[in-house]
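Across the two complexes that follow, subunit A remains constant while its partner is subunit B and subsequently subunit C.
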Partner chain A sequence: MAAAGTGSGFVFVRNVCGLFRDSRLAVLARPQQLSWFHSSSSLSTKNWEKKNLKVFPPQLPEEARRPAEVHHCRRQIKYSKDKMWYLAKMIRGMSIDEAVAQLEFNDKKGAKIMKEVLLEAQEMAVKTHNVEYKSNLHVAESFSSKGKYLKRIRYHGRGMFGIMDKVYCHYFVKLVEGPPPRPEQKTGLDQAREYVQKLKDRTVIHSL
Partner chain B sequence: MAMSMRRTLVGLYRGARYSLKNVESSVEARHPLPLVLPVRTKKRYFIPPAVGMKGKKHEDPEAQARAAGIVIQQQFMERPINIACTAGVFDPYIPPEGDARLSTLSKEGLKQRTEQIRQSAASQLAIRKIKEHDSLFSTKTFAEQAQEIFIEAHRALTQFNKEKLHSLVTERCYPEMTRGNRHKTIRWSFVESLEPPRVVHARCPDMVTKGNLYGQVTVRVHSKQTLAIYDRFGRLMLGSEEQPKDVLEYLIIERHLMNPYGRWRLHGKIVPSWAPAKDPVIRTILIPGPQLKPWEEYDTLNHEVPKPAAVQWYK
Partner chain C sequence: MSPPAMPTKEKTTAPALAVNGLSLPPPQLHPKIQLEEEQENQEHPSGLLDSIMWMAAPKKRRTIEINRTRRRAESKLIKVKNNIEPCLECGHLKQKHVLCGFCYAKVSRETGLIRQQINAMEGGPLRTPTVETVVLYEGETPSTQDKDKRIVERPRKRPAWFSY
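Presenting the complex of A and B:
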């Protein structure tokens, strides 16, 4: 009877372990997370500006010098986010001088605004964020997003109407110190070598 | 999303007419009709802005209220401001030329060493006034106290403990100490004191009204300190942590004498005109050149960088 008791106990323990293998209960085993909904209390969405307030600990002399980063944005620009995206995609990865030059001679409305934002960010970097050379910056991230739209009526014939959106967008940019990273050039020989390697790495199952 | 306004309106009218007819017939109660529920139109989540608002003139709500006879109590937006420190340094101490440079064995050095505060009558008067209001004040012990305040204040600055810093440093000195330092890491340490601190100067200015007295005492501190400032990314901006430097400072400690809860706090520092130049910051700084017209050329050889005049300034 004792053996049966221990046997059933052992099976019970095995079942419990099996239960814990289930992901939700395994989470419960971790003491730090006891709820399955996010409990941050802030409603503010101005997180890009907050990225400039992060302080890193002092570096030891043997560590590589951390490149400076500046986050800047402009909110509620009277322009379409889709049209802004084309310009943002264009300047991704460029050095700041190149980006400013390209935007200066671009005919779009968003180009003028983007250029102002980039120059503001460059000035901020030199004045506040201890960037030594103002040309030694490149655009690491650049994207646009939807702002708060105003709604108006667009009148159609026969008493029909539509709701017209007055579009606004936000533009975000992150400048990082250093020359722009060069995309690696793959030669035909490299690609061929990779292809042959992939063929060699195939696993053949049920073979002799 | 085009919708038909007419259709819904027509529907509304029809519904209204049906319900009206219903009321009349139910009074007679010949044929009992089924219960009629009022029909709602489709709920509009977007209500377009009303037409005809453009030409509306701006009404004066104040005039309307007065005409209607509503009396509103006059609200005076006042807030009392407590000033706990003076705006600057009153009659600053001018440190003698070559202080802490001359050896104590030479004649000039001895003269400076034996310089007593009794020479300055105004300082004596000020100290007497301070002793009236603060009985615990003594020139001999105050210098040590001042040095301790200085060390504690700088330690609080490295940790950026705002409350402690406000209790050790006046409101005038606080922005000067902390401007630009919020997102930097400062590592400061007081290695040792080379000479015992001395009270060299005292004044008792009053602010606004005649009786509102503040006491300002200048203390001379000669010590060894290490300072290293790291920027936001942890890169060294200024100084070094291992190399200590000899520092001669004239600290101004202030207290609001009229206030029984007033405390002696660091108010500022005097930097003499003959002080050695500070270490340069570890970066290159662009000094803007002269503004040139399109036809002018920049003469590299003759252009001089303007150097600031060596003036005593108190900070």
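Presenting the complex of A and C:
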């Protein structure tokens, strides 16, 4: 009886193993079809640097010329991300010379760091990213984000304490070759025409 | 023991105080005035933690949309400067009403060296002579105007910006 029990037990286990071998591993061999799996297994979030490594296929003769781009960033800057945002917002859409000039005469701490990052990016563009004229660049994207904070204790009265954050931020910039894109100037007539068109495009739902 | 039940008369007049073991006084001749006195005595803040009646506090959390509209208002954004121009001497950028930083640094470096030379000549503090000083560079001789002046020699060519 014990032998029979173990025998059936072995068969049972083999069946289960067989099932496992067929279904799970076979599915794992085709990773594209996994929809319930978290696809990016790596923990690294330094994706901005990887954008420079992207290689496009050669362009066809009839395609419009793709402008050269360079992505650059600086990590763990000892400054607040909210304060950095104001500077990043200021230089969005400017040409690189204009941006560097504005940052040079800005009194904020982040302005000096941002200027260094822009000049590094300009150098990278000319040296390794096939940009012909170093002034022919404009800031396409510029933003800041939160870095890893250090925590310290801030002593209050009556034995109370608070946890103080020593803030750090990252700064990201994307320079694209070419003059900065001019924002479209809408005349009053255009705006009025659009407004009237919007009114005309309204539909009444559930009507006859 | 459960707390004594409130008489129906006082349910409508007095606010309910959730304090266990509160013994109510016997019904008075003027119940309203007594109740007001009781309320005043009991609602005195017993410490800083109970000061809910007079400290302003936010009622609701400010949403991120409201915070963003306040922080990103036009008045809080950094204004773009339009008074930046290139320096005619060196080509670096300068503000219109401010001296060029590069030229200023260049001049201050040379004046620092002149001052070092003067300190070496004097040898100590408070030994400034009572005559004027003139700086001469390599290959220059003192002219008739520099007769009674102290001469500071600098062993280099006269810089272009230091006119005689």
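One rule holds for everything that comes next: the second predicted complex is superposed on the first by the 168 of 208 C-alpha atoms of A that agree within 3 Å, B and C clash if a C-alpha of one lies under 4 Å from a C-alpha of the other, contacts with A are read in each partner's own complex, and residues count from 1 in each chain.
Keep in mind that, in the parts below, a contact is a pair of C-beta atoms (placed from the backbone, for glycine too) under 8 Å apart; a residue touches a chain by one contact, two chains touch by 3 or more.
Keep in mind that this is a model prediction, so the values were computed, not measured.
Superposition of the two complexes onto subunit A shows subunit B and subunit C fitting side by side, with no clash. Of the two partner chains, subunit C is the only one that A:Y86 touches; subunit B does not reach it.
Residue contacts after overlaying the shared chain place A:F105 against subunit C, while subunit B stays out of touching range.
Between subunit B and subunit C, B touches the greater number of residues of subunit A. Applying the stated contact rule after C-alpha superposition, one finds that A:S207 touches neither subunit B nor subunit C.
Once chain A of one complex is fitted onto chain A of the other, the partner contacts of A:S42 are absent, as it touches neither subunit B nor subunit C. Of the two partner chains placed around the shared chain by superposition, subunit B is the only one that A:H129 touches, whereas subunit C remains out of contact. Using the contact criterion defined above for the overlaid structures, shared-chain residue A:R152 touches subunit B, although it does not reach subunit C. By the touch criterion defined above, A:T187 reaches neither subunit B nor subunit C.
Here subunit B and subunit C sit at a least CA-CA distance of 5 Å once the structures share a frame through chain A.
The contact sets of subunit A with subunit B and with subunit C never meet.
Contacts from subunit B toward subunit A in the complex involve residues 1-6, 46, 48-49, 180, 183-185, 187, 228, 230-237, 283-284, 286.
Partner subunit B is touched in their complex by these residues of subunit A: 53-59, 65-69, 126, 128-130, 132-134, 151-153, 156, 158-163. By the touch rule above, subunit A contacts subunit C in their complex via residues 82, 86-87, 89-90, 101-102, 104-106. On the side of subunit C, the complex with subunit A involves touching residues 71-72, 76-78, 80-81, 84, 93, 95.
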